[in-house]
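Listed after this line are the structures, all set down as structure tokens.
Next come two complexes built around subunit A: one with subunit B, the other with subunit C.
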Partner chain A sequence: MAMLSGWHRRMCEEDFKLMFGLFWSMRALATALDPKNPTKQQMGAPMRIGDGCSFNSFRTSSYKLHFLESPSGLKFVLTTDPSVGSMSEQLQYIYASLFVELVVKNPLYTPGEPFLFEPFSAALNKYMRTLGLLS
Partner chain B sequence: METISAEIFTLTYGSMVRQLIADYEDVEEVNKQLDKMGFSIGQRLIDEFLAKSKTQRCSDFREAAEKVAKVGFRMFLNTTAAVTNWNAEGTECSLILEDNPLTDFVELPEALSQLKYSNLLCGVIRGALEMVNMDVECTFVRDVLQGDDVYEMRLKLLSSSPETYPFKDDD
Partner chain C sequence: MPTLYSLWIVGRNGGLLYSRDFVQLPPIEFNDKLRLASSWFGMCGISAQLSPVPDSSGIQLMQADTFDLHSFHTLTGTTFMLLTEPHTPDAAELLRTTVYELYCDYVLKNPFHEMDQVIKSELFDQNLVERCQAINRRWGVGA
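The block that comes next holds the complex of A and B.
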């Protein structure tokens, strides 16, 4: 259940699984390391939706990956230049105003299936341009 | 949120139910179809709900039921429901609707007295909660159209599982 903005790279199925595993483990690890969590859960212990820590981004030497997960399991991934600040609000906007309006409400969309809808791509590109992230 | 005229909504729903009755000719089957349609709606509606209400998590079933009744019904039907009649384990409750916009202008004829006119709502709740890993059963137990004084939906939590890793290691 991931929606990936693969602008630079075509993802194959194996990549999706690896990516899913990465986010899964990131959350498990982040939760296990959480110094504020009194229960000291074991790493990899099963978690309910929304439990534990959600992770927002990681930065590498050449890019930054932003991440948003909805309680329904949708995952939004955005890669930008490493100098870009937090994109949480922008990802939330993409979820609420672009994805819900132009994908979920599109009768051709089957939840959980890959999709390619021109109006959504166009609106997303336009939004990215207004943010100055896409030239 | 975008709004539409409540009357158009009510009348559209009415003609849809009418069409189902014409197509299936069997009240039980219509009840089933309404629930099924609602389920598909709920599976999509959940994302609109989560995105616009910015809900992150519900700690337990009680909170989820409250959210459905207070925020969900307000958002999509412009009404609210009361949550009552909890069983001791906190796995079953009733949603009481005093006002149900689906049934404005509706009367059930004698021949259709077993029709659960608003059964779509049960499906919606079931579909939406399934997407956040709560399997529930939802049925109408009281219906103003069948002579009761309020609308009552019984909501029963069957299982609430943690997220499971969907792939095997050697996949």
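The block that comes next holds the complex of A and C.
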């Protein structure tokens, strides 16, 4: 977990581990259930990033979680109200135009370390506002 | 093309009670099915726990690249999983009404059925397949 904003509850280390496990098993489940791929690996075999079938979002009664995994394995997670539609393109934009531009190209950024860069947070907030997801 | 792929029923303790494909699908080994069903059961629990807002239910819909997985949790804890083509309309409704009604009529009302035991009701099977394949045919999908 490199950056977190706007959770209504305090998250602890344990929660992040739980979340990582959840995404990992969801991808394994999606790959195993994939109805379009007749040549499946054995379940539980190690998967490379981008292999198999990925999941884009899931929804419960009170929230919807959107998920994007970058080619380098960074995971972008966005939680919204359950009524929000697909956010894949928006997450892709956040990754390609905000994260890469304002974080990866920042010389102070060390890959894999938590970061807090004002320009990125500001741009993210602004973008979320233009989407109408933040008041 | 909207398609219903398969239905799984998971018991209150995460065991797979029933699974049925409505079209030809790549086969999944039975042991793998058991593992998938119980991990889905666990994931529903974890997703409710990780919710950013209080009082969340389990997962109702998961959207993957090539399929949608609708999940319906009954009040008594049984979980229905319906695998469909992405953006198949009314799948959640179908699960809540048609499938659940068939389950109640043919499985729960059978005096020999015990909760959380594997479902081996021929009538349930027949009616379910009939209804779901009729829906698939309406969308132009053969069995």
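Operating definition for what follows: the second predicted complex is superposed on the first by the 126 of 135 C-alpha atoms of A that agree within 3 Å, B and C clash if a C-alpha of one lies under 4 Å from a C-alpha of the other, contacts with A are read in each partner's own complex, and residues count from 1 in each chain.
Quick note on the criterion: a contact is a pair of C-beta atoms (placed from the backbone, for glycine too) under 8 Å apart; a residue touches a chain by one contact, two chains touch by 3 or more.
Treat the numbers as computed from the prediction; the structure is a model and nothing was measured.
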Subunit B and subunit C placed together on subunit A: clash or fit? fit
Query: Looking at the overlay, what does A:51 touch: subunit B (first), subunit C (second), both, or neither?
result: first
The answer to whether subunit B or subunit C touches more of subunit A is C
**Prompt:** Touching A:111 in the superposition: subunit B (first), subunit C (second), both, neither?
**Reply:** first
In the superposed arrangement the C-alpha centres of subunit B and subunit C open, at the centre of subunit A, an angle in degrees to the nearest 10 of 130
Considering only the touch criterion stated at the top, classify A:26 as touching first (subunit B), second (subunit C), both, or neither. second
Smallest Cα to Cα distance in angstrom from subunit B to subunit C after superposition equals 13
After superposition on chain A, the subunit A residues reached by both subunit B and subunit C are 21
In the complex, subunit A touches subunit C at residues 6-9, 15, 18-19, 21-22, 25-26, 28-30, 32-38, 40, 43, 53-63, 65, 79, 86
Per the touch rule above, subunit B residues touching subunit A in the complex are 43-44, 46-48, 50-52, 54-58, 131-133, 160, 162-167, 171
Within the complex, subunit B is touched by subunit A residues 17, 20-21, 24, 46-51, 70-74, 92, 95-96, 99-100, 104-105, 111
The answer for subunit C against subunit A in the complex is residues 5-6, 25-26, 28-29, 32, 35-36, 39-40, 42-43, 46-67, 69, 83
